[in-house]
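Okay, so chain A shows up in both of these, paired with chain B first and chain C after.
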Partner chain A sequence: MPLDTSTYNLALLRVDGRRWNELRRVHAQIRTQAAADGSSYLEMGHTKVMCVVTGPSEPGPRRGGVAGGGSGGAGAGGAGGKAEVVVGIVIAGFSSVDRKRHGRGDKRTLELASTVANALAASLHTHLFPHSQINVSLHVLSQDGSLLAALINAATLACVDAGIPMTDYVAACTAGSTSTYAANDEGADPLLDLNHQEEQELPGLTVATLGESDRVAVLVCESRVQVSRLEGMLAVGVDGCKQMREILDRVVRDKGRRMIQEGTVEKGVGLDDMDVD
Partner chain B sequence: MPREAEPSLNEKQFVIQALQENLRLDGRELDQYRPLELTFGDQYGVADVTLGNTRILAKATAEVTVPYADRPLDGIFTIATELSPMTSPAFEVNRPTETEVLLSRLLEKTVRRSGALDTESLCLVAGQKCWSVRVDVHALSHDGNLTDAACLAVVAALRHFRKPDTSMEGGRLTVYTPAEREPVPLSWLHSPFCVTWSFFGDEGELAVLDATWLEEQVRVGSCTISLNKHGEICQIAKLGGTPVDAVALLQCTNVALTKVKEFSDLVDQKLAEDLKRRDKGGFMAELRAENDR
Partner chain C sequence: MASSQHVLLSPAELAYLHASLSLTPPIRPDGRSPTQFRPLVAETGILPGTNGSARICFADGTEAIVGVKAEVERTAQRPGEETVFLEEGGGGDGDGDDDDDEEGETGAQGDRRKGEASWVEMTVEIPGLRDDDSGTAFLSAMLSEALLADGEFVKRLWINRRFHWKLYLDIILISPPLSYPLPLLSLTTHLALLSTRLPRLKSEGDEDPFFDDDWAAAPYLFPRSSSSSATAATNTTATKQPATATRPPITLLVMAFGNNIIFDPSKEELAVADVALAVSVTSSNSSSNSSGDGENDEAASAGGRSLRLLSIRTIDPPSRLTPPGVPNAANAAYGAAAALGTQKMLEARTAETEAVEGVWRAPRGGAKRMVLGALVQKTLERGGVVDEVLDALEGVDLG
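Entry: the complex of A and B
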C-alpha cells in the first residue's frame, strides 16, 4: 500500500501521525554492557540497535578477505600509524516482518558495515592509537526504516562511552520526499525520518553530519528522485541531524551526571565550572 | 592478504600540493575526465571501455531459465563483477575485496534497482520460462575510477546486446537462431551513468573528477552520483570519509548532470556508428557473391 497521498494532502499528517518535520521517538542509553569498553542501545521508532565497542586494543590475528569475524564486517583506516576501525553488523532473523536469513557475505550488510566504519574513522582520532584496532559490533534487533542512520548513531554513542577521542558526534537521520520520482510537482513536501513503509514507497536518503556543522559525512540515496528535489531533502536531513545530535548529546550528559551523583566516577576538578546540566 | 603498495609520503604530498594549486599530474582540469573510448566487439553485447589507463570489459549474455518463485512475471537480471589479480595484486580470485563488494553494489543500485532494464519484458511464460540476462564486468586494468568506467561499460553492453527472437505457438516456445530471425534488443528504459567525485584537503574542500589510482590512494573521501540524462538521480553514495559541505555536494550533483549528458551522447553516437558498420545493406547485399578478399 502506498503512503496514503490523499490523506497526506488533506491533513498533512503521515501514516504514523507525524508532521513532515518530526522525528520519531528516539530512546537511547549508553553503558548498557558493564563488561564492554563502550556500549549503547538506540531506538528510533521501532528500529532498535545495540552496539558494543571493544578497543582501541591490539589487533587480533590478521583477517582474511573482507569479513571480520561475524557476519557482515568491514574495516576502514588502519594503514600506517592509525587505528583500524572494524565494524561487524549482525542483523537478527526476527528483526523484520519476513524472517529472512542474512548470509555471511551479504553485500548489503557489508556495505552498511563499510559505511559505518568509514564514517567513524573520519571522526575518531585514530592517529592517537597506532597499530591498534577499534572493534565496533552492531546488532540489529528490529527494523523499521532508517537502519543506516540508527547504526551510525548507536556506533557514535558507543564510541563516546568507550572514551575514544573524536572530533564531534556523527549524527544521522533520513529524509524523503512526498511524491514519487515520476510526479514532477513542485509542491512535494520533504519528509524527515522515514519509517519502513515510507522508505518502501517514497524516494529518500540517509544523511550523517559531523556535529553541528553542515558538513556531510555520509550521504546515501538508493531511490530514483528528481535532481531538483535533492536540495530540499538534503536541507531537511541536515536539520534533522542537528536535532539528532542534541538528543545524543543529552543522553551522554544525563548519563554522566547520573554517574557523578551515584559516585561511580569521581567528579573531575574541572567539572564544577563545566556545563553538565 | 596481499596489499597494494602505498605511495610514499613525498608522493602523497606532491599530489596534494599540486591539487591545491589546481594542478593535476596529467595536466587535466579538476573537473575533466581522461580520454574516454568505447568500442564494441564483433558479438552483440560486448563493450570495451578505456578511461586513461583504466580498462573495463563488459559482456552481456542471455539464456532461458525458470523465473524465481516469488517473481513469476519477472525475468532475471544480474550483474557480476570480477576484479582479478591481473588488475592489481591486491585482488584475489574467489575472495571479494571490499572494493569489489562496493563496486558491485553500486552497479546493482545504479542499473538494476533504478529499473533501467524492464525485467517484465524478459518473461516468456509466466512462472515457467524467462530470460536470464547477465552482465559480466571484468576489470582489465586498474588506474583509478573503476566505478564510472564499469557503469558505462555495463550500460553500453546492455544497449548493444541483442537477445534471440522467440515465439509462442500452442504452448511451444521457439527460440530462433540469428540466421532464422534477426535478434532483438532489450527493452531499455533509461541510461544511468556514474560520476565519482574525489575529495582532497583537510575539510574535503577540493573536489576532483575522475581520480587516477594515485589520486584515489591519497583522497580523503569520495562521492559517487548516478544520474540519467533526464536529471533523475538513481543513486548517491558517499560512504563515509571526511565530511564535505552540503552545498558543495549539491554543486557536485549539478556538474555531474552535465557530465552524464556527455556520456549519454557518447554512447548514443557510438551505438549509431556500430549499427551503421553492421548494416551491410539488407538481405540481398548479404547474398552477393563478391566479398572483401
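Entry: the complex of A and C
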C-alpha cells in the first residue's frame, strides 16, 4: 500500500498526525523482571521491545552458533581482556501485522544483533570485566518501524539497570525525508522517528549518539537517498537522539528515586544531587 | 533441557533436601504447604496486535509471554466427503435461522463441526536454546498435546465446511530458563487462549466467511460461563459452542517423595524428586449447573467444575543425573578406603549401593504404579490445586 505523501505539503502533518520533528509516544520501564541482572521494557509508538541482561558473568560452555537466536558478539571474549557482549534477538511471530515466523538464522536479525552488540561494546567499560560475558537478550513483541532504534534504547536501559559501567547513554532514533528517492525533490523536509508505513516508503536512517554529545555511535542507512538530503536527516536524527536521551535519563532517575523512597537501596554519596522528597 | 539442568547443590545438600521433603508432613525449603503454589503476577491483553495475549511472571523471576494470532484458512476438501457436504448443505442454511432451540441444535452441530490438529501451530522460544533443541521440541509437544488431546479444542476453530481458523500460538520465555518452564508456559498459554477473541462471523452457511469489523463484538474463543448465555443470544458463533463452558488445558508439575505428593516444585525440589509428572487437566462446567442461572458465581465455579485428565507425561527429574554421594567410610579422600584391602573395598562398594543416612543416592528404577495413581488422583481432587489455579486464572481481568 503506497503511502500518500501528497498531503504532507498541505498541512505539514504526517500520516499519524505528527509534525516533522515530533517523536512518537515513548514509554519505558526498567527493572521489569526480578530474576534478571538488568531488564527493561520500551515502547516507541507501537514498537514494543523487552530486554534482559545477564552478566557480566563467566562465559558458559560454548554451544553451537552462540546462545540465542539472531545473535552477534562484539569485543573479544577472554583473550583480549575485555568482556564480550553477546546480543540475541528474538522477534516474536505475532509482532508484525501478518504473522511471520522469524527463524534463528535470519540474516536481518543477525545484522540487527551485531549492530546493537557493537554499539554497546563501544560504550560499556568492558575492560573492567576480563574473561567474562555480558548477555543481552532482546525480545520484539510488536513492530511498527524504528526497530533498531528501539532495540538500542532498550539495551541501554537494561545495561543501566544491570549496573554495568558505561560512558554514557547510547540513545537512538530514526530520521527520514518527506519524499521518496525517485521524486528527487530538493525541498524535501527531514522527518523524525519513522513509523512502519513511512519506513516502507521513504528514505530513512537510524542514528545513535553517545549521551548529550554529538558523537555518533551508530549510523545505519539502508535506503537510497540523495546526498544533499543526508545532512538534514542526520541533523534531525541527532537532535532526536538528544530528546531520547532525556527520556531515558528521566526513566532511570524516576526509578532510582522510587527505589530510594521505598528503601530498596540506600541513598548513596553520588546521589546527593538527586532531589528525593 | 531445563529439567535436567544441574543445580549447584552438593550430594549432602541433596540428601538433606530429599530427607526433609520425605517427612510427614514434608518441609519445603520455602516453607510452603505441599499443595501451595508460589505467587504469580499475570496480565492479559498486553498486545493489541494479537487476537489474544498474556504475560505471567512467576515468583522465581521467570517470565513468559504468549501471543495468539488467527488467520482464515481454506479447509482441504477430501473428494469422498464432498457428497456428504452437498447433502447437508441444504440443512445448513436452515441451521442459521433457528438458533433459538439450542438443545436440538448442539447435537447435530457438534457432529458436523470437525477439526484437525494441523489447525493449531505452536512455537516455543527459549532464549539461549536452538529452535530444534530437544528440550524445546519436547516442551512444545507437551503443550500442544494437552491442547489437542481430546479433539474438542480444534472444533472451536471451525467456521464452515470450507473454511477454518488457523491458530498460531507463539510462546516466548523472556527470562533465562531458571527452572523447568513447563507450568509457566502452560499457564500463560491458558490465559492467552482465555483472552483470545475471533471476529464475529457475519456470513451464513458455507459462504466465503465475512466478519464483523467491530472488535468489541468479537466473541471470546472460550466464552466465560457467566457471560456466555448473554452473548449466545446475540451472535451465531456462540451457538456453535457446546453447552458446557470448557476451559483451555493447564499442565502442572507434580512430584512424589516417598508417599508425599508435592505440587509446583521449585528448581531445587525438582532436583531431588523421586517421580515428576506433567499432568494436563482441562475443566468443564457441567451443563446441569450452568443452567441454574440463579446460582452465584462461587457455587458454580466451585461445584460445577468437573476436571478431566488429558495427558500425563513423566519428566526426567534431574535427580537421576546427580552423582551419588559416597559415605566417608568408602571415600578414598578420607584415607579410609585407601589402605584397605580388596575385601574391604568390596564391602565399601556394597555400602555405596545401600541407603546411608545423610548420603545422597539418586533414585533408581521407574515410578511405581501406585504412586502414579496417587499423583493423578491428588491432581484431579475436587477443591484441590487445579481448582485453585483455575479459579485464580479466571480472576485475571481479560483486557
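Note that in this section the second predicted complex is superposed on the first by the 252 of 277 C-alpha atoms of A that agree within 3 Å, B and C clash if a C-alpha of one lies under 4 Å from a C-alpha of the other, contacts with A are read in each partner's own complex, and residues count from 1 in each chain.
Keep this in mind: a contact is a pair of C-beta atoms (placed from the backbone, for glycine too) under 8 Å apart; a residue touches a chain by one contact, two chains touch by 3 or more.
None of these values were measured; they are calculated from a predicted model.
Peer 1: Answer with clash or fit: chain B and chain C placed together on chain A by superposition.
Peer 2: On the superposed model, which is not a single observed complex, chain B and chain C fit side by side.
Peer 1: In the overlaid three-chain picture, which partner chain does A:Leu230 touch, first (chain B) or second (chain C), both, or neither?
Peer 2: first
Peer 1: Check the residue A:Gly163 against both partner chains and state whether it touches chain B (first), chain C (second), both, or neither.
Peer 2: A:Gly163 sits against neither chain B nor chain C.
Peer 1: With both structures placed on chain A, which of the two partners, chain B or chain C, ends up touching more residues of chain A?
Peer 2: Here the partner covering more residues of chain A is B.
Peer 1: Classify the contacts of A:Arg215 with the two partner chains as first (chain B alone), second (chain C alone), both, or neither.
Peer 2: Touch partner of A:Arg215: chain B, not chain C.
Peer 1: Which partner does A:Val97 contact after superposing on A: first (chain B), second (chain C), both, neither?
Peer 2: In the superposition, A:Val97 contacts chain C only.
Peer 1: Once the structures are superposed on A, label A:His139 by its partner contacts, choosing first (chain B), second (chain C), both or neither.
Peer 2: A:His139: touches chain C, not chain B.
Peer 1: Check whether A:Gly81 is in contact with chain B, with chain C, with both or with neither, and answer first, second, both or neither.
Peer 2: Neither: A:Gly81 stays clear of chain B and chain C.
Peer 1: Would you check which partner chain A:Thr54 touches, where first means chain B only, second means chain C only, and both and neither mean what they say?
Peer 2: So A:Thr54 only meets chain C here.
Peer 1: Should A:Pro130 be classified as contacting the first partner (chain B), the second (chain C), both, or neither?
Peer 2: Neither partner.
Peer 1: With both complexes overlaid on chain A, what's the closest CA-to-CA approach of chain B to chain C, in Å?
Peer 2: 15
Peer 1: Residues of chain A that sit at the chain B interface in one complex and at the chain C interface in the other, please.
Peer 2: Overlap of chain B and chain C footprints on chain A: residues 63-65.
Peer 1: Which of the residues in chain C come into contact with chain A in the complex?
Peer 2: That would be residues 46-47, 49-50, 53, 57, 60-63, 65, 67-69, 71, 123, 125, 127-128, 130-131, 168, 170, 172, 174-176, 178 of chain C.
Peer 1: So in the complex, the part of chain B that touches chain A is made up of which residues?
Peer 2: 1, 6, 92, 95-98, 101-102, 104-105, 108-109, 113-115, 203-204, 220-221, 223, 227, 231-247, 249-250, 253-254, 257
Peer 1: Under the touch definition given earlier, write down the residues of chain A that touch chain C in their complex.
Peer 2: Result: residues 33-36, 46, 48, 50, 52, 54, 63-65, 67-69, 88, 90, 92-95, 97-99, 101, 103-104, 135, 137, 139, 141-142 of chain A touch chain C.
Peer 1: Report the residues of chain A in contact with chain B in the complex, numbered from low to high.
Peer 2: 62-66, 74-76, 79-80, 105, 107-108, 110-111, 114-123, 181, 205, 209-210, 213-228, 230-231, 234-235, 238
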